[in-house]
Amino acid sequence: MLTDTLTPSAVDEKRSTPVLQKILGGRGLGEFLMDQRAFVALLVLIVIFSFLSDAFLTPSNLVVMTKHVAYNAILALGMLLVIITGGIDLSVGSIVGLSGVVAGVLLQGWELSLFDATAYPAVWVVVVIALAVGGAVGALNGLLVTRFNVAPFIATLGTMYIARGAALLISDGSTFPRLEGEEELGNTGFSFLGLGAPLGIPTSIWVMVIGAFAVWLLISRTAFGRRLFATGGNERAAELSGVKVRTVKMKVYIASGLCAAMAGLIIASELTSAAPQTGETFELNAIAAVVIGGASLAGGRGSVRGTLIGAFVIGFLSDGLVLIGVSSFWQTVIKGVVIVIAVILDQSQARLKKRRAAAEAASSVAADAEGIAADARA
Amino acid sequence: MGHRIARRSLITAALAGTALTACTDGGEEELGGSGKVGGLISVITPSHSNIFYKTEAEAAVAEAQRLGYTAQADSHDDDANLQSSLFDTAISNGSAAIVCDNAGADVTIGAVQKAVDAGVPVFLIDREINERGIATSQIVANNSQGAGLVAESFVEAMGAEGPYAELMGREVDTNAAVRSNAFHAIIDLYEGLEMVAQETANWDQQEAFTKTQTLLQAHPDIRGIIAGNDTMALGAVAAVEAAGRGGDVVVAGFDGSPDAVAAISAGKMHATGIQQAVLIAEMAVQQADAFIRTGETGMPEKQSVDCILVDPSNAESYTLFAVE
Amino acid sequence: MSPTDLASSELAPADPATPLSFAVHGVTKAYGATHALRGVDFALEGGQVVALLGENGAGKSTLMKILAGVEQPTTGTITLNGEEVSFADPTEAASHGVAIIHQELNLCPNLSVVDNMFLNREQLRWGFVDDAAQRRSAVEFLERLQEPIDPDTLAGDLRLGQQQMVEIARALSEDAKVLIMDEPTSALSEAEAKVLFTVMRDLRSRGVAIVFISHHLEECLEIADRAVVLRDGLIVAREDMADVDMRWIVTTMVGREESELYAERQRVPGAPLLEARGLVVADPATTGRAAVRDVDLDVRENEVVGIFGLMGAGRTELLEALAGRNALESGTIRLEGKDLHGRSIAERIEAGLMLVPEDRQRDGLVQSLAVGANMVLGAVQRFARRGFLAASQERSAAAETGSRVRLKAAGPEAPIGSLSGGNQQKVVIGKALLTEPRVLLLDEPSRGIDVGAKADIFALLSSVVDEGRGVLFATSEVEEVLHACDRILVMARGELVAERDPRTTTREEIMALADGGTSDDGGDDAH
């Protein structure tokens, strides 16, 4: 039986206390959970794993897990920027390996055949150069995407191989095992990145936190951030409004390259050894973190908070499965299932929102018609 | 370096190859026994990014040149298709022989048959194929025996009791299972030793690092870690050090890589096993040479070369995949 | 002058002695071989509203894009207050005080109303975006337009009409001296349009020069001071609006007399083809509401039936239900006696009932396919022999249909995007005709199409019906039902409230009937 009046949808009607109503922002509990689903998922994971393993919630394990999360989170921050523009960066894993190898070459002594000498640059110089290499690969990506109109997937797939190849060539296939440096050469201190712990918190976690804060500021508080989202939401409209879309895209690919190089340095520093193969498949974890955090691969949507939570979800999930001794085949399957579910939920939420908007639209259309009728009668 | 050799050899090989093909008539190809010394030996191995394969390839090339041949080294990156086309190239270059560390025990059979049919004898090193009678020699390191040596050393160092963890290689690689089984054949005999965790780290150092960190959290009482190869063992070593437990935990690997030996010398790692890559490669080239000259190698097709254990006692006398 | 400065400064009332002047001289614009503009001299003065009139493809949008810096002229100059200027991009034009409201809405759906309004002109405080100041400013402009939108709403969540108001608000906030409005009312309700005109008059009194482009010719008559008519890339007439009327406009635009536009016909309808009884359709967007309530209608052979109704009357839902896109809550539909209950869209097309949808871009055409491919899309299986498409048959069918509908296109291989709106609609109709329908349904067939093409479309429908078919179309333009159909049905709030003969009814009567039907309603208590 149909009625004429618009009844509020069932989702809205929830028997909840006024306080809860305020927290939920006037929406239903179901919708709230859906909105915060990544965070909910994280909580659920923590609860489940702490039941299944006594070691999960110990402080030392939490630190270890968070350090593992940090590598991915740093990558994911750069990836987030790229994904917001509607692009993607598959080359970050290779940049991780490349930057480590570059650092390795420089720390083990750079043979300058021209001057018949070996240079041992100071650690901070090494870091700057390695970051610059990452940025350069990012710039190459940006160039391919903006000047040559290559689809980001293809462009970064190509640079993924180029960067990996470069790493193998530079290292000639071998690893650089001893990166601690020597006093006389003035290049000690590299291990600080991976093994240092100012104020008791590991350096990599500091980098993650500071990086996250910086990126958050950038995308939510600056003009660049608005233009970034505009580029992803409707590139043509952004362009017509005068936004320099090409520059925006170039910047985000460079940023992604820098983040990847940073992650590569941290990893090499932790192992005090750099291997060219390091970082294979890291890009997938970064993308997964961003997607689980609620960003849309089509562009225009994403948040630092979501990305961090996504990185934690993946990280805790992976480590938790190892803790409880699940076979690694299952680990891969479970990770894949989580990502697929995240995307499905994302789509359902978008559809719910659309229906809600249509309902509101229909009701305001009706109100308009009322208005016209009232005008006519007047 | 292998690539530089390769490039120079390519030109020589191309010329030599043209010369050779010009000499041979279009009749049935005869395998070996031509009596001639000299010609091209093609060395086909997995990617040189792994120092093991790089070493064996370079050793083969060096030995070939020492014996008066030209040599060219290429990698098939564990891709059967690429391997097949490298075989094709070797054949059309007029190679006198192919020395190969192959990409798969079944998928390589066709390629070897192809070469043999074209008159190019094939000498396999490090990995076998699942067929006899086609390749002239199949020289492998006795992984089982080597792993067993490592396992015994491991047991000894652990005092035959305590909880330990195992890091396995990539599950699709037969070597991963071979080594793991060999480890367990020894370790499982000792009831005092308990395996509390078994994880795969895909032969990767970073993955071994993160997994070991987590395992140390899950089982803080672990006193030993045995890994399917040195790269993973080194990752485990780094994790142990990072947790401040260096010296507490016995770590063993396999492969005999220089980094691992250095770690053993430094007391961070306990043992590894060397597959005598250099020796095996040299043996293959020598047998190829004998076959080319005389039509025989004097050895059976399947040959197994023992591995050598490297532990703190002999780590000093080590060179690249060979002990003095 | 940066746009930000303009936005925050007071727009000083124009000095009547020296009003702003903005003009183009001898401008041509060529896209490859086609010339969109062929030597145009166009001048604007502050304090005037100029209506730029012309059919689709006459070059109006191109000319406006050149004025606003979106495109560059191939030849010709632009002068502002006597000085020659050139705009490399829209930002430069904006810095000279030229703002444009585009025909296609250019909002980023993922940004809020505020962010859209200040995109690329963000107000900063200590290097960060000053959200509070921007929001205050946005509210101010929205209030001026009497549009009570929450400025933090995402643009994508707004109705089309609200989106258009936001675009207008943005143009206003740029404090332009020259305002170009390309179809600003296409999605607005009557009430909103009235407000817009009030704002425009206000701007005019402050010395702003306004260019107004609209297909709704009555609006041009109402608001503009001058009329400039563009035809085939050239200006053919310039008059004061007070001196001309609708007939003049249409004739000048189209080059033909209006009376020639709609053919006279006397038709005798035949047997009923489509019979619908007791149709009830649920509103797909709102649970618990019916969009169509207890509708009975017939369409007979040789007959064009027109449904007139305002927005929200339920026309689209009715047509979509007939076509099989929406499910019926209750009621029956028979086509030539066969009950269509439960039949899919494809099955109904097969049976001879097909819909030409309202949003042809989204629902009627495949943008990546060429003209010919689009046309045969509905009837592909007829050209298939043992699973493969007979290309030559396809091509000849497309060519034949193309000439049938008097399609003006470069050829069947032309990309669909290169066609004007009217020609695109002809392709969609051609596609429908290829399926040999018994009854053809059309939802707003002339939306976004200029007067000349409109006449073509209705003439085409007339000829279709003369072949013994039936046509049912829905529209919100009274002129169409008065001139182009044999029988008028008036729909309001989901019900068919009246049936009229176009020869005996009047515009006012139809409009009044369309408003009616609200008396018994308890009114909406939704908000």
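Lettered A, B and C in written order, each chain numbered from 1.
One rule holds for everything that comes next: contacts are C-beta pairs under 8 Å (C-beta built on N, C-alpha and C of every residue); 3 or more make two chains touch, one makes a residue touch a chain.
Owing to the predicted nature of the structure, the values given are computational and were not obtained by experimental measurement.
Colleague: When you take the mean of every protein CA atom shown, which chain's own CA mean is nearest to it?
Modeller: Measuring from the global C-alpha mean, the nearest chain centre belongs to A.
Colleague: Averaging each chain's C-alpha atoms to get its centre, pick out the one most distant from chain B.
Modeller: Here the answer is chain C, farthest from chain B.
Colleague: Distance-wise, how many Å sit between the C-alpha centres of chain A and chain B, to the nearest whole number?
Modeller: About 38 Å separates the centre of chain A from that of chain B.
Colleague: So what's the Cα centroid distance for chain B and chain C, whole Å?
Modeller: Those two chain centres are 72 Å apart.
Colleague: Which residues of chain B touch chain A once you look at their complex with the stated criterion?
Modeller: Against chain A, the touching part of chain B is residues 1, 47-51, 54, 171, 197-200, 204-206, 209-211, 213-220, 231, 234-235, 238, 242, 259, 262.
Colleague: Could you please specify the touching residues of chain C with respect to chain A in the complex?
Modeller: 70, 89-91, 94, 102, 106-111, 115, 118-120, 122, 124, 127-129, 156-157, 159, 189-191, 280, 282-290, 310-312, 329, 493, 512, 515, 518, 521-527
Colleague: Please output the residues of chain A touching chain C within their complex, sorted ascending.
Modeller: Interface residues on chain A, with respect to chain C: 2-7, 9, 217, 221-223, 225-227, 229-230, 232-234, 236-238, 240-243, 300-301, 353, 355, 357-373, 375-376.
Colleague: Going by the contact rule set out above, which residues of chain A touch chain B in the complex?
Modeller: Per the stated touch rule, the residues are 53, 55, 58, 60-61, 64-65, 67-68, 168, 171-175, 177-178, 195, 267, 270-273, 275-280, 319, 322-325, 328-329.
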